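In the part that follows, the structures are each spelled out as structure tokens.
After this come two complexes, each holding subunit A, first together with subunit B and then together with subunit C.
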Partner chain A sequence: MTHLAKPRFHHPNLPVNGVGLTRRDYEGVVSTLCAGCGHDSVTAAIIEACFELDIEAHKVAKVSGIGCSSKTTNYFLSRSHGFNSVHGRMPSVATGANLANGDLVYIGVSGDGDTASIGLGQFCHAIRRGLNMVYIVENNGTYGLTKGQFSATNDKHSKGRKGADNLFHPIDLCSLAIELGAGFVARGFSGDKDQLVPLIKAAIHYRGFAVIDVISPCVTFNNHAASTKSYDYVRDHNAAMGQLDLVAEADEIRAEYAAGSSIDVALHDGSSLKLHKLPASYDPTDHGVVLHELARIKDAGGVATGLLSIDPNEADLHDLIGTTSTSLNAIDEADLCPGADALDAINASHR
Partner chain B sequence: MQPTDISDPEYFHKVVDCQWACPAHTPVPEYIRLIAQRRYADAFMINWESNVFPGILGRTCDRPCEPACRRTRIEEKPVAICRLKRVAADYKGDIDDRLPSVPSLKNGKRIALIGAGPASLTVARDLLPLGYSCVLFEKDPQGGGLMRTNIPTFRLPTDVLDEEVDRILEMGVEPRFGEEITSLTAVLDEGYDAVFIGTGAPRGKDMKVPGRAEASANIHIGTDFLKSVAFKHIDSIGKRVVVIGGGNTAMDCCRTALRLGAEQVTVTVRSPRGDMKASDWEIEDAEREGIPILDNHAPKEFVVEDGRLTAVIFEKMRAEYDQNGKRTLLPTGEPPVVLPCDDVLMAIGQDNAFPWIERDLGLTFDDWDMPVVDRKTFQSTLPTVFFGGDAAWGPENIIWAVAHGHQAAISIDLHCRGESLADRPPPTTNLVSQKMGIHEWSYDNAISHDRRVPMPHADLKLALKELTVEAELGYDERLAFDEAMRCLNCDIQTVFAEPLCIECDACVDICPVDCINFTQNGDEADLRERLRVPAQNLDQDLYVSDVLKTGRVMVKDEDMCLHCGLCAERCPTSAWDMQKFTYWDNQAQPGPVHANAA
Partner chain C sequence: MPPSPVFNEFVLKFANVNGSGSASANLLCAKALFRMGLPVAPKNIFPSNIQGMPTWYEIRVSEAGHLARRDGVDVMVAMNPQTYDEDVASLVPGGTLIYDDTWPRDFGRDDINVIGIPLAKMSAEKYADPRQRQLFKNVIYLGALARLISIDVQVIHDLIGEQFKGKPKLIEPNLAALALGWDYADTNVTNPPAVQARTADGNAGKIMIQGNEAAALGALYAGATVASWYPITPSTSLAEAFEKHALKFRRDPDGKLRAAIIQAEDELAAVGMAVGANWNGARSFTATSGPGISLMSEFIGLAYFAEIPLVIFDIQRGGPSTGMPTRTQQSDVLACAYASHGDTRHVLLFPADPGECFTLSADAFDLADRLQTPVFVMSDLDIGMNDWVVDALTWDDARQPDRGKVLDEEALEAVSDFGRYRDVDGDGIPYRTIPGVHAEKGAYFTRGTSHTDTGGYTEDGTVHAANLARIARKFKTVTAMVPKPVINTTGATSRIGVINYGSTDPAVREAIAKLAANGHMINHMRIRAFPFGDEVREFADRHDHLFVVEQNRDGQMRHLLIAEADIEAEKLVQVTNYDGMPLTAAFVEDAVTGVLEGGWQVTAAE
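Right, the complex of A and B next:
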């Protein structure tokens, strides 16, 4: 962490986005994480994505659980709504908030402990429900806050900082999410913002559950030579599954893509996702192909990154259970609390 | 691009914008830090060694450092470097024991210095500790040159001037004041080992306008007028005064006229206001005293009635600029403007004049009748004769005269030792880490967001009554501290070590001004375009690393860096470090006498 306040001065030529803000306007307080923590780069990527999408901070809700990762919601969009919840219980809070107000962008930030251990059940059920949110896992394979024990995502036979062997199989959050029906599943690397920022932007546009598993090295406990979650390992074993562009409705498509190697997915809001440079025969809309390919890459020691799987038929919890599209704070009191007579009528209908 | 060679002393020197811009290369951030620590004597000595006249320059310097100040690139106003220098001089206390010792046993070389202005005094200051005997000729009864004759006492109190001039005279100069040199041959005949000519640009320009001759009793050349006031030959002036000219001398003339009892003083300038030569702050000071400045007014005629000046007639002008930016002033055709007046002060520039230098000595003069002087060595075509200050290439400022003096002293020293004048001593540099521990740095790296502290002024009514009341009161210690904290410590350099970098992006993310980049290498124009914020200030360098593990390079745009050290704070591997860069310009001194701050 740093003891210095970040100066308010910024570069006079800093670009301004469509709502008149600079990148600096999307920052939060200065991070208290270790110097060089991958999580801070993820924070910077979220800031960049929100800046580029002209998002207004008051239309965002940040939710998190417990852990190094979950602290980071304090480091971006300081003017947003936020809820730092109980360990592993962020999905429940996000579900409740989303049902009350579906108009906000929900950005959940969690870690491998918060998601793959104590919150694994919550994670699975949020996916099942198709909750419309961006769920970012800052995955470093270690419990940093408690001094570096292996987490549930740490690869088998990856070693601890002092040489201890990890004996257990890892949970692959992306495969699990695909298995459970998550509509948007991606993996990023904190050290590659060129890839990560478009993933976050696409995830924000996607209506439904969008999970991004971001390999985010722990510089203090898990960035050594025998780690599979270090800067060097991920750089050396990165298998990028195509390149993603978010094409906003208003944008004309300028780039030329080689035929047959790209896939377009139209989103509900008029924008579309363009995936190109895909490996031959890789189809991110086909779960069977995706799971097979992910397993193959993992067995070879690789780290598959990019937009791994996408369901073009977006649907979120509100669609599934038929709730009102108006947020509760916009419904007047008479409609929101119709009174005892209305309740009696409902009860009567169940008799 | 090739990796930046940070071992080149000029690379980091250029990053210290104020020091780079200063002709004498005074280590500005270093003395500002010392002021913040209330180490005024240490701050003073750094200045004294480098620019010789801290008290004088702290009030009168043309401050080329301030427009260069990095702070102007991120907010409106630069650090008040000049006025902080004055603080060091005001609060220094007794520094006599810190002055260099002058050997009683001389080296046998005798140097004649002609004109006791800042250039000659600097040469004397540099050469006396080396054992030279210095004879100082001055036609006026006191030393100081234009600092005494042309800068009014309300800007530069006499005791400040005397203190700093006497400090040098007391080092053992042999003064020959009140002795006007009329022949260089006569001086050379006295057998000096070298002669330094620092006679300034003493001749005020005149203009040929109808009525000039008839009205001459009430038309005064600005520099002559100021000098007469300085030596108390003039103590009054007419009620209505018109000043012609837009330079700093004009500003001094109009403010002096007010203090001599003029009731209505008007400054007139031929050119548009934006083209005025006077420093912004001197214009500001004149206007604060209620003096109107009429631009685009060209004098056309002096009106004389009954043998006495009664008015000046001006033609209104407009400026036109051609494609190369060359200006032409054209009459607008509007009716002429008549300004009734009793006296005119003409301050339209100064010239050098060397009627006393014989033209058959082997000292070459150019087509403009100016001596041919080497830009680096300050030597004339007569090897024993050197020039400096305004005498060399025309009117400049005190700080330039000081810079010339240092270089001329080096040349004279080399000349007297029989060495080549081209073998000049290199600058002394050092680069030392400021890291004291985790999150501990030996400099205050928190960035102050404060605006420039305004200079307190004496009550106007009081100030305008007396020539000797100093208009500016100077900062007190509290204000000086606040202003000192605005300094960005540009001499604390961001130094990058490629082998340590793990390319985690922490520095990129934290940098408040987006100046750090990791990207593919390219040529300079291409790289400048591709940075997070394109580097459009071509005066500022790019700091480029060697190739990193991912094949990329680190590129830092030096332009906006705040030197806050957040990159080094955030770097997990100390690939970034904050290192203090010290740069001492070369001087003819056996060793530095400055108090070296930790």
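Right, the complex of A and C next:
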């Protein structure tokens, strides 16, 4: 299989966004995933979010590891540089890339195997460091490319395609991320674009580590009746924790919300997040409340979705280590080399 | 002073308990000898431990400039009763043992000179605090030693003043302790050692520096901005030195840092960060040792195949497995030359001393950028963590980093059809772009899977093979770029040669000088890079027999010479030492002499 570029021509009257690009300009090559794969819906949501946010496509860097999900970075934003790295190690590549240039938007796409098993360590440490990136997990509870083994996010006693029982406790990436201090933690469902697109847009605007765990069913290996990662199961057990709107700095708030059920969160870049239709007493800025509520929903077999947790004050890695405002990859070489005179002084200290 | 002293050619050794604060007193001694103009080679022989285990500090002094380690100790300062037996045994006949005779003992050798100084008693009488007793005991023995082998006490005073410049309250107590030892020796000792120091001028233009600091400075001067690392002996001090100097020299006008130093969660992440930063156009490196190389291997293969510049400092230590973390070896040569799965091959540079750690470190960044591939700087514990006397570091302010084939926005405007992996110039090296460079052109997809010349995924075998063949062509190009070997053909017509690399050089050069004095004229080539340039093969062609000296069991460089320079195996005599200690000239001399006197003919120089 060789990759297929999409045809370049398109309808002359396609809508154009604020930076003069059409939706087509945010697409990538033709997907080679199975027909109906949830991941293709996530790809479409990323394209839509970037288009709606007027992002300059070339100012995005796409990073991924290995697996079905990691292949998808090739299916959107062909004007962006992409890096399909090694299995489970995308966070370190993203960290290095971000250190070199913090001005790009970093969109990472990973899977449940790539994140919750082989890459769990790097996922945790990227969170600890407050890496400014969007980290999307396309979570289907199974290893697709190697034909259907359970992954570590698969629920205990969820069944395999041929009836095998999953014996082990699942890793809940959202609860883990909250524990570790991730500033923006959300769960989406690939079958709910209306919920997912605003989550991705908000995550891109958020400065810090933004993880979106997207339940994205595998139609080939894990979409059967006994799976808790199927389209039907998630639709039937979806517990949406409010609705989210991203309000750009210049925009006025248009919708009206019932008093007492909404929360405003101001972001670093001047925009704000408006969460409404929140369940009673749910406060996504309070870790204690969030973790308690997520555990309750999980124990009841539910799938909590939406913006689950947010820290409006998280510092990103560059803030923490005090790097200069100019990207490290753009500093004038003369400002990097201390020069011969400084070396004389260094020599003198070694005599 | 003894009746007929030997001046400025001796080995001084301190046997201590680690964690007792001896290191700074011992370094002070080495530095004082250095300031007296004496070439010195201190070797820190330390355990993988924080407190309580034996540790040694050995200083070879050689006005003649022989700075390899030498067996046979002339003066032993034995401060650790646990190791008295081996310390006493290591003394040469006529050597001097200095020990703490607060608890007198007989050492059972009548061919050595024993000097007892009641250090514990003196320290206990002078200091009430137990920690002070311990710390100042070290300075007391330094004072006594200085008197006994004639170290210039004013030089030590100066050094103490500099060391405690920030804590002036500590100067006076240290000087007092020093005087305590000095006075005791002056008054009570009538049998000084046969070896003595006297001021010379052997160190004009020299500095005393460790390889790891020099390598870090090379990275700083080359413009490296992202350092990602995981602590592992003996590479840790390289990353820490980079951080120290970056904090000083890489501040913007607001005090913000023009560098990012990240202590990663493991070596996989450390190298992954370096790969990501280099991919994004910042010069980046990681520093590690053998176990780290093993962990990094998957990423190294990715960087090779996706053609991402990368600099890795491998400060080699004793392996395999955890091996001897605090001892030296050159045993990662093959592991690094072919690190990772599939057809891989990497550029290796072999610094022989801290001076070359600086220059080859800076060169490594240029090579990595020019070739778009991982470059390894193959240092070792001996170079990296010991102080060496080398020429002062120099930098040409006209030097600009060579970033290789990078297309900026303007250059991309002129390109009609960008192909990231296309061999435009016939040298195997393609053009790359940095993310975010251009709104419409130059973006590509970086992947470890097989790719077309535009970076697209492919399973077409002919495309895959052509790509691999192109990358192999880069390694033909590189042979002209890498540092040439250093060749010394004193015995111009000799058909015998020695080949070595890295930290073995002082021992090899000393051995060759001694062999020449015994009538064996031997030529010498020190390899500085892999892949080998033509000079390596040509040197081999001019000789019938070549001793390949290295610090590993299996002759790893010899394997490379056979496999990659097509040198006949029979020509290459393996001379390997792998006990973890820095090489001695005697080892090389004995090995070579043994073979030569087994019947080979050595042609004398004309």
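The rule is short, and it goes like this: the second predicted complex is superposed on the first by the 324 of 351 C-alpha atoms of A that agree within 3 Å, B and C clash if a C-alpha of one lies under 4 Å from a C-alpha of the other, contacts with A are read in each partner's own complex, and residues count from 1 in each chain.
Everything that follows uses one rule, which is that contacts are C-beta pairs under 8 Å (C-beta built on N, C-alpha and C of every residue); 3 or more make two chains touch, one makes a residue touch a chain.
Since we're looking at a predicted model, the values are computed, not measured.
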{"item": "Touched partner set for A:K156, first subunit B, second subunit C, both or neither", "value": "neither"}
{"item": "Subunit A residues touched - subunit C or subunit B, whichever exceeds", "value": "C"}
{"item": "Which superposed partner A:C37 touches (first subunit B, second subunit C, both, neither)", "value": "first"}
{"item": "Which superposed partner A:N347 touches (first subunit B, second subunit C, both, neither)", "value": "second"}
{"item": "First, second, both or neither for A:G322, with subunit B first and subunit C second", "value": "second"}
{"item": "First, second, both or neither for A:H169, with subunit B first and subunit C second", "value": "neither"}
{"item": "Partner chain in contact with A:R296 - subunit B first, subunit C second, else both or neither", "value": "neither"}
{"item": "Partner chain(s) touched by A:K147 [first = subunit B, second = subunit C, both, neither]", "value": "neither"}
{"item": "Partner chain in contact with A:N223 - subunit B first, subunit C second, else both or neither", "value": "first"}
{"item": "Interface residues of subunit A shared between complexes with subunit B and subunit C", "value": "2-3, 5"}
{"item": "Complex interface listing, subunit A residues touching subunit C", "value": "1-3, 5, 29, 56-59, 61, 63, 73-74, 78-86, 89, 91-101, 103-104, 121-122, 124-125, 129, 318, 321-326, 328-331, 333, 335-340, 342-344, 346-347, 350-351"}
{"item": "In the complex, subunit B residues that touch subunit A", "value": "73-75, 439, 445-447, 449, 502-506, 508-510, 512-515, 533-534, 536, 549-550, 560, 562, 564-566, 569-573"}
{"item": "Of subunit C, residues touching subunit A in the complex", "value": "34-35, 206-209, 217, 220-223, 225-226, 228, 245, 249-250, 252, 254-262, 264-266, 268-282, 284, 298-299, 302, 392-397, 400-401, 433-440, 443-449, 452, 456-460"}
{"item": "Complex interface listing, subunit A residues touching subunit B", "value": "2-15, 23-24, 30, 34-38, 40-41, 43-44, 190-191, 193, 217, 219, 223, 231-232, 235"}
